[in-house]
Amino acid sequence: MEIYKMLEKVRTQKPIIHHLTNWVTIYDCANIVKVLGGSPVMAHAKEEVESMAAIASALVLNIGTLTPEFVESMKLAAKSANKKGIPVVLDVCGAGATALRDNKCFELLDSAKIDIIKGNSSEIARIAGENVSTKGVDATDVGKDLMKIAFSLASKRSCTVVITGKEDIVTDKEKTYIIKNGTDMMANIVGTGCMATSVIGTFSAVHENLAQAAAAGLSLFEIAAEQAHTESTGPGSFKEKLFDKVFLLDEKSEKMQKIERTVK
Amino acid sequence: MEIYKMLEKVRTQKPIIHHLTNWVTIYDCANIVKVLGGSPVMAHAKEEVESMAAIASALVLNIGTLTPEFVESMKLAAKSANKKGIPVVLDVCGAGATALRDNKCFELLDSAKIDIIKGNSSEIARIAGENVSTKGVDATDVGKDLMKIAFSLASKRSCTVVITGKEDIVTDKEKTYIIKNGTDMMANIVGTGCMATSVIGTFSAVHENLAQAAAAGLSLFEIAAEQAHTESTGPGSFKEKLFDKVFLLDEKSEKMQKIERTVK
Amino acid sequence: MEIYKMLEKVRTQKPIIHHLTNWVTIYDCANIVKVLGGSPVMAHAKEEVESMAAIASALVLNIGTLTPEFVESMKLAAKSANKKGIPVVLDVCGAGATALRDNKCFELLDSAKIDIIKGNSSEIARIAGENVSTKGVDATDVGKDLMKIAFSLASKRSCTVVITGKEDIVTDKEKTYIIKNGTDMMANIVGTGCMATSVIGTFSAVHENLAQAAAAGLSLFEIAAEQAHTESTGPGSFKEKLFDKVFLLDEKSEKMQKIERTVK
């Protein structure tokens, strides 16, 4: 896949990526969009989310520190995004940990068109209807065929599904990609999962085929992580280098891509 | 200007800088005050903002992730600051992007004395009454004489106006300063604009002439950014070094200042 | 004390540490738990705090950016934690600065069993009933015997009390520890105090004797800080290295411990 060309489009078009995200990694979500070359904006007041989504090129929703009121703002933003025809990405952060999270994800999915659903294995399994639980916001072993789960959710919700993990799965039912880039160090710090969602949102703003956009964004983000890992001495320096390396991604980085397309 | 003496006053007096700011860069706002030598405090509950402002030496307001309720707390804090006679700085973050942001800025300016209004070119132009829009929280080309706009807003609101950009403009109508320090790298990460506002707030707490305080603070912050840039390999390491370099600012740093005073 | 064995338990058991904390250092609180080997989760909606506390191994409360509504969620979470029998840690951040902070701390202490109360000298003195004030969130000189104050609060509230400072005091009335690890650099950045609370919460999840858990956690955290300090060039690089060094703590680090047990 010509993943670097997509990144060039981000850098040229500088798309506005509107977020309603969590208070833990909100800076990282904004900053990863910025170092990619996009223009992040975080706005959650119900009085302005519709207007903000209307000037954006993609909308990223993340329920990491949700409240019912916050989810109402998400619905308004998502409907506005639907009206404008820009992609909506939902990170089902912590689904499977509490009933509130599950229910609010289902409400969001029922009240607007969500184009990309993203989570770790147990989060996505829960949203796909499996009876599994998530350890707070950390994945548990689902013990089932993740590919099948992704495929079933993509089918049920007519959307692209992304399951992140040691290997990431991206599917829109028609096309399925396995991304084998990345490093274990990503799991040693808070924020890489949320940042991955923001990266996917950013790529979805510049490339119409959303499964390709998600696969390309994930692969490039994880290539940068691989590069950062080799120059770091622990999770603190890894994270700092990660922003450097995403900013410095170039044509050569594309050669490190490990995206496999699988056939149904 | 003897900008280093002002920094010494910050380090000696350790002023409390009360913030009501956004959830994206709130850590950076607090930390930049801390590494300068001040004592940041972030408090937004309507039940305590008046008391907190009353023990502070400056108040910083930033509407980056505003809600109507949050702005009500800002008004209470600003009135308490007015009563105590400490400077109030307002970052009109995202003005020109949505009607909510514009209206709430006007409400704030009408309900309390704001001593310093700070924003990028399109944000300030919007608040000065120009028909321009902001790209989320990123500046757009206003296509007009920024000096004139700053001057007009300073005059209308009887305050100091700061427009940040490649060159920063600071004016209180009587005196106008152009600050030519800084580096392009500052625009590659999220947070430098918000931190600049917190720096201005910190300097305004120790130096009565607010235009001078703002110019001095901006210049020193941007000198540190120049120093950080030379030792960094991208935006991640730049930001880490920025905190180091602000902390390490010394008498020699003053020689790097590029502040020009212009005549009406 | 065999402090490294406790850290090994954290790394093996990966306890969920549920936080209701402030919006300034929320990332740092989560990330320090992560680099220790735990599983942080931040959730504050009143609709889910009870369920989240019920799957956690410790609960950390921090009033740094409190509102009355947020404190109501804290009460629900604390009662749920009490029911499950997991330790509850309260950081009385900013007590002594405003009446709201004092009153809400007292409300929390009256409405649920708090197992560990943690703060700086003036915060703890205020909660112990002394007529002192806090400079925002920075300690003031209490001018009294801190050991006595800690002892009196531990006795009054039947809990473990932690006072952080140049030397940290940990007491449960029966046993008192003085921790002499750490570096002045910790006071030059925002977040070390909050992170210390999260570290204490993490260790309390794996070791039943809470005074020992708090002393061990503080000592190891501060040993990592000492190591980070020697490799840093200022507060920015110090903080990055701090995450590296906490992640890399090993059996040899234990030898750097400076924990003194004092006799009544």
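Per-chain numbering from 1; labels A, B and C assigned in written order.
Definition applied: a residue touches a chain if its C-beta (ideal position, glycine included) is under 8 Å from a C-beta of that chain, and two chains touch if they have at least 3 such contacts.
The structure displayed is predicted, hence computed values, not measured ones.
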Degree value of the rotation bringing subunit A onto subunit C, based on Cα positions, nearest 5: 120
Equivalent interface positions on subunit B and subunit C, same or different at half: different
Separation of mean Cα positions, subunit C and subunit B [Å, integer]: 33
Residue numbers of subunit C (touch at least two other chains): 23, 27, 239-240
Contact set on subunit C toward subunit B in their complex: 22-25, 27-28, 64-68, 94, 97-101, 133, 135-138, 188-191, 232-237, 239-240
In the complex, subunit B residues that touch subunit C: 14, 16, 18, 23, 26-27, 30-31, 34-35, 39-45, 47-48, 51-52, 55-56, 239-245, 247-248
